[in-house]
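Across the two complexes that follow, chain A remains constant while its partner is chain B and subsequently chain C.
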Partner chain A sequence: MKKLSVRRRHPLAALVVLLFALAATGGLYAAFAPAEKAQADSSQSLAIEEGKKLYSVGCATCHGTSGEGTKTGPSLVGVGSAAVDFQVGTGRMPAQQPGAQIPAKKVAYSQAQIDQLAAYIASLGPGPSVPTKAQYSPGGADIANGGQLFRTNCSQCHNASGKGGALSDGKFAPTLQGVTPKHIYEAMLTGPQNMPNFPDTTMPEKDKKDIIAYLGEVDSGKTPSEGGLELGGLGPVSEGLFGWIFGLGTLIAVAVWVAAHTTKARKS
Partner chain B sequence: MSTTNHATDDASAPRGKAPAGERLADWADGRLGVYSLAKANMRKIFPDHWSFMLGEICLYSFMIIIMTGVYLTLFFHPSMNEVTYSGPYVPLQGIRMSEAFNSTMNISFEVRGGLLIRQIHHWSAVVFIAGMFVHMMRVFFTGAFRKPREVNWMFGFLLFVLGMFTGFTGYSLPDDLLSGTGVRFMEGAILSVPIVGTYLSFFLFGGQFPGHDFVARFYTIHILLLPGIMAGLLVAHLILVFYHKHTQFPGPGRTEKNVVGMPLMPVYMAKAGGFFFLVFGVIAAVAAVASINPIWEFGPYRPDQVSTGAQPDWYMGMAEGLIRAMPGWEINFWGHTLQLGVFIPLVLFGVVLAVMALWPFIESWVTGDKSEHHLADRPRNAPTRTAFGAAWVAWYMVLLLGGGNDIAATHFHLSINAVTWFVRISFFVIPVLTFVATKRICMGLQRRDKDKVLHGRETGVIKRLPHGEFVEVHAPLDQGQMYTLTQHVQHQPFELGEEVDENGVRRKAGPVTKLRSKLSQGMYGEGSQIPKPTAEEHAEITSGHGHH
Partner chain C sequence: MSSHPGSHEDMSEENLPSERSDAHDGAVAVAEDPFADPGLPPHQPRRQDIDERAARRSERAVAFMFTLSMVATLGFIAAYSLIPPSKIVYIFPFGHVSALNFSLGWSLGVALFCIGAGAVHWARTLMSDVEMPQERHPIEAEPEVKQKVLADFRQGASESQFGRRKLIRNTMFGALAMVPLAGVVLLRDLGPMPGTSLRHTAWRKGMQLINVNTNLPLRPEDVGVGSLTFAQPPGLNDNSDDYDDVIAKAALMIVRLKPEDIKDKREADWGHEGIVAFSKICTHVGCPISLYEQQTHHVLCPCHQSTFDLSDGGRVIFGPAGHALPQLRISVNDKGYLEALGDFTEPVGPSFWERG
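The block that comes next holds the complex of A and B.
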């Protein structure tokens, strides 16, 4: 035993242990993995295959036959599956007509087809991939921190409670009401069109979750507004209009009514 | 005098004392002389036309603001000390904020009736200033600002401006992200003042913006200084209305020397009392139904955060519009920067308001009219004034649009740049177009009045004459209507007169006099009024032939 305990401190001992360990895991992997991998590979390549077909019908005119980009659409090499899932999943892609900004519209593909398109685009070059449910689901997140982060990073474009706002030249930051957690996550990850992106290096996964939780909390489609009618949540402009029309307007109508019911009119 | 009255009353009701109210009145009369005061004032007449109740809307909403404001002061802490939120509103729990914000959250979520009172307070401020705007326009368009009411016009105007600033300071108190942005905006405007800007800003904020003082300072200004001045002005305003008596619209039996309407007591008072509750009811209903300034959605103010769609309340929207429309010019010299992009709007803000405030004085100078006026003008009979007022309102509205350019852009799917350019061009063009169009409309209406007087009113009855011609039957107006349409005085333009007087001495009119004559020509010259029909014209037309 003494011999072993001396050798244990030998400078090369660590290397020997490492080699043993590698050999063991390598052997294990060789024993179990190949079949699974082959399976995954084949379903993956099937998806890529299908995605390529869908792509050449619906997207190639603008993005080029193999995603290299054309005059009417940017290159999709390296945008990753998250970008595709967001763009097609919110109905922005396939784009219809050129304008200041491509708006979200009715979604043209089923989720299965979107996944295939995403797989194809992801195969063109590495990029951010579609987040998993564990990444984006807001359960247990810190709502207040999310609000703070949202006001620091997003409200200058999207308004403090995510009601949207105008950007230059007809571009706009859309309302975030009713956007799904997955798409919020992907938007932050990929920075669609005029939105900056917030990769995990600048905004870690946890912060993204907090923001998603905050947006869920202030979404007036889900939680009632404390003060009554929200008037679009647009702040003083809509309040001013409402005050003039329904406040002063009603009061003037009342004044007209009072003045019309006068004793003086019936004076002899 | 009261006692004699009283004695006879007693005689008719031998036993028992007079009713309590009467005894109280007697008591008061003995010491304060209320009966003679009342006799002199209670029968003051108040004409009734709905537009004369706009002032009352202002008065009552001001009262509502004071009452609800007092309630809010019981719970609001005007302090910028930092605290951590631990109230019931989840999305802010654990966030650091000023005590001002924290206490406003407390009022909104925990104080009984707090949110409703906050919303009544804010909505009535919005309605109050809107009411003043319309009231002011009523006074303007009817010429009710003319002698002897110029001073009251100025009192009123001051109330309007002070109202704007009271609103602004109040809006800043909760120290939320939206109002903080507004205060920052104001700081920017102050900083742009050449030479003294920085000193002024440091003085107001007690150092670097935002510092730790501004909420406490704004609080004093908002609840003491400005409302105090306003209450004083308001009383003076009402005393003058009382003293001058009210103007009235022209009509048979109404002259410059009388007022036709209801006596203040009891009819008018009863109505006014009822009207107060109607105003309160409407504002309370609005406040119960619609949210205003939901500060929890904006979060507490931090200078490093900002939200899009950051606008002030509507009454400051004009200032916002000026800033948003103004190109960001600046001049650099000797290491100093002149921020024209902000300073010019600051100056224009004063100019836009001053133009309206000074109009009565400009008008009386141009017309040289020194007589008293107690009959309201029908707006069409003063086309230049009416056109000017309409142009001013249009100008104001253009700036309001400028202040909401982003909301206009997103809601009408326009480019914000296009909206801003529209505002820039409209700032110069729209008032001119409105002026021309309004003047023409007024002239058209004058012509129609003249037609009506001379040819009667169209009855809609078509008659066929024996030789086949169709004519519409015109019914003559009755005397009263005829009077209403022709009672107004038409000014003659102020002529410069001969360059050389009858003795051959040259009389040189100075440039000021020449300007006055030019303006007067514009106001009352041929292009600006239709000579009203004379009795002779009327007699000639109605005397027989030629009339269909």
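The block that comes next holds the complex of A and C.
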């Protein structure tokens, strides 16, 4: 203690004391603050109530105080819990700023909170609900059929191997690599943002499962790339750019190198 | 210029550059010229020209590259006959690639590159590099040569009796003029003319709209707002020979808009409670378009970015397409299925000369 008291006039002493005080305050608050309600207690009405609270804080500014929509956000009545699970579960919502398209980013809520939000939105009006694991898990699906369905229904925007592509006015179809089967299923079911939806009436559950299985197969590192470097898998634009810049560039560099070196015995 | 000998005597024209270049002796003019052409620098030998050991090294290098090319070609043949097409290997940084593609590409690349590199090295180090200038000379022939050629020609013409035997001359002209017609006649194989086939598709009145995914007829309640469905005429078999010909014109995009979102009255009339059927074939050069944005109702063509507004009669709002996207008139039959009320009223797909 003597040693410590000797240093009480040290220029950094005040900072150290402040840090200790802050840590103590925080620790005490954590110890005595009312513990969060147990997640296990999820009776439907309680989830809706909790979801409404979360909604009022995080969503109401754009979507209106009861999901009716405003100028900056569409109505959420009837979008269903699947839409909430996709939009919030992939981090698209809450949106950072309005724009041509809301991109995926870091997820802001825990899965329990997302379920509560989804329960509240589902209570506003009937809509597609979050699929069960049996619906979206790709086990036993027909991968070849999935590939054909994908090329017919999805590849025009998302590219034949699901690498995504450009749309009009700054919008784009995102890559499907690394998207979980549940979110792919929900996207097909609900049609997030400018993507059209593919309801079970026109694309039955089994077809969706086949498509998910196909994407899983394409995405798994097992699928060989016969030609080697894929260059992003985006097709002729990146391939042409690579060919013109690196292919032709190498030829020009070699020609310049050959001509720049004289073979004469006396270097001038 | 050289056709008037003696002009170099005329000193008053000596200052003209064209005259000066003409002077044969020219000794006085060069001595007085402050900007005289210094001529070519003296020839410099290469190491290989003066050192036989260096020349032999070059010879060995060239021979090595040609030999390497031979080995690579043998490698190409060996790879082609030994490696099964399905064999996949992991090669950094290319990832999982086909072993056959990889070895064929590299062996042929090395074989071709070594021939080129060997030839360049040979030409640069061993082939003669002594500079050999050739001064320009007038293109026009000497007058004597010209006269000789003309005289030869006249003699040949008279000896062949070309001018006297008019029958031979005229039939020869006829034969030479007729021969190209054989090539022109072959152009007929570009046909037959398409007739009216460009103006019709497989759609007929009363045909049900078949969902491409399920191969079942579509009902209005199947198609939700914001959804996208592809439809084709009934009875199509994608294994049949004419499938591509039929679907290339008959492919349909079915979307459902809120009826109040449809700006074009004809579009609303030709649909059913907001369900509208548009051709899937771009009117620019016929790419399949279905990049449908369900909030803006825009359809984008991936080939040249033509954009159509499906809420406004398929109007072109961007890009090179010259016509609105054709709409198929649909209704619901008494069994409750969507059906066509006839063929498209205008040609689908790209424009053609007689389209009008």
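Quick note on the criterion: the second predicted complex is superposed on the first by the 214 of 268 C-alpha atoms of A that agree within 3 Å, B and C clash if a C-alpha of one lies under 4 Å from a C-alpha of the other, contacts with A are read in each partner's own complex, and residues count from 1 in each chain.
The criterion applied here is as follows: a residue touches a chain if its C-beta (ideal position, glycine included) is under 8 Å from a C-beta of that chain, and two chains touch if they have at least 3 such contacts.
Here the structure is a predicted model, which is why all the values come from computation and not from measurement.
Undergrad: Examine A:V179 and indicate which partner it touches, taking first as chain B and second as chain C; both and neither are also allowed.
TA: neither
Undergrad: In the overlay, answer first, second, both or neither for which of chain B and chain C A:G221 touches.
TA: In the superposed model, A:G221 contacts chain C only, not chain B.
Undergrad: A:Q193 in the overlay: touching chain B, chain C, both, or neither? Say first, second, both or neither.
TA: Once the two structures are laid over each other on A, A:Q193 reaches chain C alone.
Undergrad: Mind telling me which of the two, chain B or chain C, contacts the most residues of chain A?
TA: After superposition, B is the partner touching more of chain A.
Undergrad: First (chain B), second (chain C), both or neither: which does A:T152 touch?
TA: both
Undergrad: Look at A:I48 in the shared chain and tell me whether it touches chain B only, chain C only, both, or neither; answer first, second, both or neither.
TA: Neither partner.
Undergrad: When the two structures are overlaid on chain A, which partner does A:T201 contact: first (chain B), second (chain C), both, or neither?
TA: Touch status of A:T201: second partner only.
Undergrad: Can A:L124 be said to touch chain B (first), chain C (second), both, or neither?
TA: neither
Undergrad: Find the residues of chain A that appear in the contact set with chain B and again in the contact set with chain C.
TA: Shared contact residues on chain A: 152, 156-157, 165, 167-169, 173, 225-230, 258, 263-264.
Undergrad: Which stretch or stretches of chain B touch chain A in the complex?
TA: Listed in rising order, the residues of chain B that touch chain A are 48-54, 56-57, 90-95, 108-109, 115, 119, 123, 126-127, 130-131, 134, 177-178, 261-262, 267, 271, 274-275, 278-279, 282-283, 286-294, 296-299, 302, 304-314, 317, 403-407, 409-410, 413-418.
Undergrad: Per the contact definition, I'd like the list of chain A residues that touch chain B in the complex.
TA: Where chain A meets chain B, its residues are 100, 143-148, 151-152, 155-161, 163-170, 172-173, 214, 217-218, 225-231, 233-244, 246-248, 250-252, 254-256, 258-260, 262-264.
Undergrad: Can you list the chain A residues touching chain C in their complex?
TA: My answer: residues 149, 152-153, 156-157, 165, 167-169, 171, 173, 191, 193-199, 201-204, 207, 221-230, 258, 263-266, 268.
Undergrad: Which stretch or stretches of chain C touch chain A in the complex?
TA: Within the complex, chain C contacts chain A at residues 44-51, 88, 91, 93-98, 101-102, 120, 124-125, 129, 211-214, 218-219, 221-224, 226-230, 255, 288-296, 298, 300, 302, 305, 307, 318.
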